[in-house]
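Labels run A, B, C, D and E following the written order; every chain starts at residue 1.
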Amino acid sequence: MSLGKRIFFGAPALAMALIGASAAAEPVRIGALLSTTGGLAGLGIPQRDGVLLAQKLINANGGVGGEPLEILMEDDGSNPDAAMTKVNTLVHSQGVKAIVGPTGIAQTVAIGSVTQPLNIPVLAFTGIGPAVENARNCVFHMTPAQGLNARALLSYAKEIGAKRVGVLHDSGYGQVIWGVMSKLGDEFGVEFVQVEKFELSASDATAQAAKVKASEPDAVIVLSSLATPFRNLRQVGLTAPIISVHGTATYEIVKAMGDAADNIVHAEFLIAEDPLPYQVEFVAEFQKEYGRLPKHFEAAGYDAVMATVAALKRASSNAAPDALCQEVRTPYQGAFAQYDFTAKDLGGLTLSSFSYSLLTKGKFSRLPFKASQ
Amino acid sequence: MTKTVLNGRLAFAAVMLVGLILPAVFERHMVDLLVYAGLYTIAGLGVGLLLGQCGIVNLAQALFYGIGAYASAYSTVTLGWSPWSGILLGIAISVAVALVIGFPLLRLHGFFLALATLAAGTIGTIFFFEWDWLTGGTLGIGGLPPLSVLGFEFNSPARFYYLVWAVVIILLVLSSNLVSGRPGLAMRALRDSAPAAEVMAVNIHAIRTKIFALSAGLGALAGSLFAHYSTYVSVESFTVQRSIVFLLIPVIAGARSIWGTVAGALFVTFVPELLSGFGDAHQMLFGIMLVLVVTLMPDGLAGIPARVARRFAR
Amino acid sequence: MALEVETLEAGYGPVPVLRGVSIHVADNEAVAIVGANGAGKTTLVRAICGLSQATAGHIRFHGQTITGDAGHRRGEAGIAVVLETRGLFGELTVADNLRLAEHTGRGVKRPQGFRPFTLGDVFELFPIVKEKLATRVELLSGGQQQMVAVARALLLQPRLLVLDELTTGLAPKVVQEILSVLTALRSRGMSLLIVEQSIKLAAAMTDRAYVMSLGRVVHEVGHGEWESTMSNDAISKAYLHG
Amino acid sequence: MNTVMTHAPVKSQPLMALRGVAHQFGGLVVLRDVSFTVSRGRIAGLIGPNGSGKTTLFNIASGFLRPANGQIFIDGRDITAASVQERSRQGLIRTFQTPKVFQHMSVRENIEMGLYATTGAGFLASMLATPGARGERARIRRDAQEVGERFGLGSHLNTRAGDLPAGQQRIVELARAYMTKPRVLLLDEPSSGLSSDEVELLRNWVRTLSNEGITVLLVSHDMGLMSVCDTVHALYFGKIIASGSMAAIQADPMVREAYLGG
Amino acid sequence: MNSTLIIQSLMAGLTNSFVYALIGIGIAVIYRGTRIINAMQGDFAVIGGMLTVFGLVSAGLPYVWACALGIAAGAASGLLIDVVCVRPMIRRQADDEAFLLLTIGLAFTISAAVLYIGGREAHLLPGIGGNGTVEIAGAFMSVHAIFLIAISLLVVCGLWLFYRKTIAGLSMIAASVDPDGATSIGINVARMRGYTFVLGGAIGALAGILVTPLISVSYQMGLGLTLKGFAAAILGGLTNPLGAVLGGLVIGLSESLAVVGLSSGYKDVVALTIMLLMMVLMPNGLLGKAGRRGG
């Protein structure tokens, strides 16, 4: 290793450091740490779209107390390691006041260990996860926890009278929800007759789908963020109803399901074809900006920024992080749902937050059913 | 002392000095990346010893990196042991695994050995996923304690930077010793001509197996240090893609060069970062750079000085 | 003049093997190259056939310089070779080996009056080749393989046939058979360049010879000099240093 | 250095013996019932036209090929089943027809490899550069320097062996073999690709090594080089057809027939 | 566990088998012609699938022409790789490892380029013969899967005839068996290597097109396909297209049986372990030494 090489690699780094330092100016900065590349990009990109829309609207309406809102956008590549590196930069070098994101559970769990000791508010697009998160009171959750998701799905199964239920879940996110759901069978009078797992990287889950179908279930619950299992279930000739978690309720994934998408029921939040009153404005603004309909991930991104800015406006401009965190901790009416950040799970979503949609030819239509506690 | 030796030592001292003050002048993100470059140097050194000295392409290093990380995470978080015992446990398990899979697989050569290690690494990743009682699966394991020596905690990037690079320098010195020593001679000999090395009484299979185990141990050490630095581990960090990155370190550096590993590790940590300004194109640009290195620069970055010298000699 | 080689230098990588070799073969002439192993005979053959690139010197074929031409063009020009390694495709059948050469041979232009070899001609020369048409070459004996190799070379319709160590390791009976074929070929007006270990065979097959040692031509055996040379020690010396 | 090479002066007993060695590839018989012995400290030669089975016999003697039949003995011990490494430790060292130097290593390191079998520093000791390992390494370097200079490679010791011309590579290979302090040295076509001056140099080296007590088995086409042998065996179609001094072999009618016409 | 389930998973396995076999055939073709293991064979499939989707959806071409575009794109990328990367490396006599690193680097680059140009979405194609299914003994199989198997078998037969009966095929074998001998009878060895890459690229692209209606095509699927295809090719002895089909069947069927009998998480473990055992214990593949040659 020669000195020359050290300089070769050091120089650009040094230059970047200098640029970073000189760019410090007066706007209010928050960080957005999203997975816009890698496996979670299907969620991270819509979240980014929502975040950018919110920023645009805020700055068009006078910013945060007269100062422009600057959002530092970082991509963790769906990788918790990278999330750690990026969050350290955002917090320590860029001095952001709050963070919207991350996209994935693992990333949220990971970065909490950096932000929580500093009381920097994080508005994560994940539900509250493992036990370690219970002790973190500045990591807020914009989407339902696994347990709530599980209950929302089982509520619908109960509603349509399904007693024998098959489950097909992936090895990532689906595995986590299944971990909770597996304990709730009795509560909803449901028997899990066949539970099958497939790899996140799987290009084919036909054999698993066949096993589920062979158990002759009344309904099948799919826990995944991939289109694969739906296609496979239809390919093996499953006719029973399919109930799916909100992760697959995006136009993109539905398109990838092809013909298999028809008649799938999602327990989700934003049916843009038929929005709820508190969602109408967001849907209109989004459609104006992007020329397409949003789903709930866009809404969550939008809400996270809006809720942060609301808190920033209430707090004084140079408030300490824990004061800002305190200001976030309040009920908030979002486009996604009615949040209550004072709740124990730091999100306050309930079963009544869910809407149920039915897919027909790539379009979502609202089902009359509403779940209740 | 000849002039070139003196110059070399001066240059080395200067590099050391610059290295010492870097954390003070760099912003945190840069220090962070430098820590990762250090970790990657350790893991890449193992792959480099195999590739450069024995001609073995190892695509399973992320497996050993992961074993080290999970051993540390599990033994500190779940069992409550001291971090140092976790590191030793990780190295021990990795070496044992390397011996078990290396013994049969190292009879293969060339492409076949490379793809066999790729398969072994892929199988390892699957076990990381499946054994979620041990690895935490997708959620991972968080809350690892920082490393500490006599009450001094390596709990900031700057502190960890000094720790990691001290370890790197020690390992580079040890590896240089090994390569210039008797086993190193044998390794390089068998790479150049296995039959002639056999005539010199080199036990080819034994030496390949040993170096594979050593490489695995280095991977595990890097993984353990990574776990304690990041304080969080999950399966995402130990995929086949990570193995490919580790392999690229010696390829870019010039596989025969021990100290060049540092340049390779800096390259794989900083170049994607510098390219990230190009948005989605950055991975493609990185890929093109790799293909160019492989196609046009058989000796990697370490070959540049020799090429320049040859140009001037003409 | 069929072939002219002038001060040719060639080798493998940095190791020079040919150190300035000049030879020539006239039309319808048969010339031998003899010498001990390591003398550079095979390297000379490979350079003439374009399998190794010459580092210096010239090769002309019927007046045309072919020194830098690619190897696969030399067949079209009219040079066919039977390599020391035979260069047969072991996993293909005899018929397929012949077919490939026939395909190339069909595409080449030859001067007026050139009578092309047909498969029938070849079968007549080597009846065994016809018998074994459907057999994979690797299953044939060494002698049979050698006949296939010669037959294949003829289908390229060559004006110069180069034979490298044709008889090595073959039983005397087979050697006799091949020898008689070569004699028949000469009557068809083809130039021959033959690399041969056995001096007796070389004498039986050719008019003239070059004796090579350590990458150089050290001795020439002219027309009608074979008899005297056989008893002379010059050749003996090249082989046995006696 | 000369004191290193002390061999018993007893030359009566054969050091190396081949008994009834036979081999075939597929159906092709390449060796049939070959037997001969090489006396301690003598130079034996093996000649034969192309395809006579020399290379096969050589590979069998050096352990790169197991014979279908027959045995090989070193000092009365049967080594037919021994690996190349084991043979190396017994003092049986071969060279290769195309010199196999370690191309990316310096000439000095090439020669140093000759001491591999008789030194012991392992992975750990070498990494830590223990006093033992360092001392051993220094001794290896010293010995290699000495041997290198003796073989006239003094000015090339730090050159990459692959960059040397072919002739020099042969010498490096020979020096490396010498460094192992072999009891039997098997030389495979050592003069191919050498100029006549270099062949002469090589000849002198073979003679010198023999004088130091090393038993040599030499396979070559080069009759000039072969005249260094005490005994020459002529191989033809897998059989030994004549044995004796080079002069006798050259006069042998069967050999002349095998070479000059057949 | 009932028999319908076993039949169903065997049929799923059978379909996968032929996907793996097609990738494996591409690897075998390139290895046979050049002695290079192509670690980007799966990415030829991505290129083929993606360009067919592009042709059909964006350019509005008829189905058949879109497929032709996809196959041509695979063939062209094969040629490009040979000319731009492989040729200079052959000239400097690069070793095995360098070629492997090259193809790994290319796999990485192509995957990233598809992501950059084509986006991260997975794309579907309509199945050949529609999107229907047929019922066999209570189990279901998509009509397209039947076409996939039939076309794969046609490809195998076509290759067999190509290598046995055509001058081009024979010349390609000749150039790899004995380059000197081939040169001496007027075969341009470098050009044959180019043809080999073209053929390998075209077969890879075809595999991608056939698999897209079943599992959709996306930028990151290349490496996984390559690994399975390599397993199939290894089992088949690596030079024999017919062997690759046999290998694909072993891998595909044992995978689906592993899902039924063991746990789905371990199906890749089973497939890859079979491959590793095969490599160590039977280096010449299922068909033995003869298998290396035939086909």
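Rule of thumb we're sticking to: a residue touches a chain if its C-beta (ideal position, glycine included) is under 8 Å from a C-beta of that chain, and two chains touch if they have at least 3 such contacts.
Source: prediction; values computed, not measured.
Listed by label, the chains that touch chain B and also chain C are D, E. The minimal number of chain-to-chain contact steps leading from chain A to chain C is 2.
Using mean Cα coordinates as chain centres, the one most removed from chain C is A. In terms of C-beta pairs in contact, A-B outnumbers the other of C-E and A-B. Centre-to-centre separation between chain A and chain E, using Cα means, comes to 37 Å.
Averaging Cα coordinates per chain places chain D and chain E 49 Å apart.
Each chain gets a centre from the mean of its Cα atoms; for chain B and chain D, those two points are 41 Å apart. Annotation for chain A: residues 37, 171, 199 touch two or more other chains. Chain pairs that touch one another, listed by label: A-B, A-E, B-D, B-E, C-D, C-E. Here chain B touches chain E in the complex through residues 51, 55, 57, 104-105, 107-108, 110-112, 114-116, 118-120, 122-123, 126-127, 129-130, 240, 244, 247, 251, 280-281, 283-284, 286-288, 290-291, 293-296, 298, going by the rule given at the top.
Put simply, chain B touches chain D in their complex at residues 174-175, 177-178, 180-186, 188-189, 191-193, 195-203, 210, 214, 256. Considering their complex, residues 14-15, 17, 36-38, 142, 165, 167-169, 172, 175, 197-201, 214, 235-236, 239-242 of chain C touch chain D.
For chain B in complex with chain A, the residues that touch the partner chain are 11, 14-15, 18-19, 22, 25-30, 32-33, 36, 126, 129-130, 132, 136-140, 142-143, 157, 226, 230-232, 234, 236-237, 259-260, 262-263, 266-267, 270, 274, 276, 280, 283, 301, 305. The residues of chain D lying in touch with chain C in their complex are 28, 49-51, 165-166, 189, 191-193, 195-196, 221-224, 226-227, 250, 256, 259-262.
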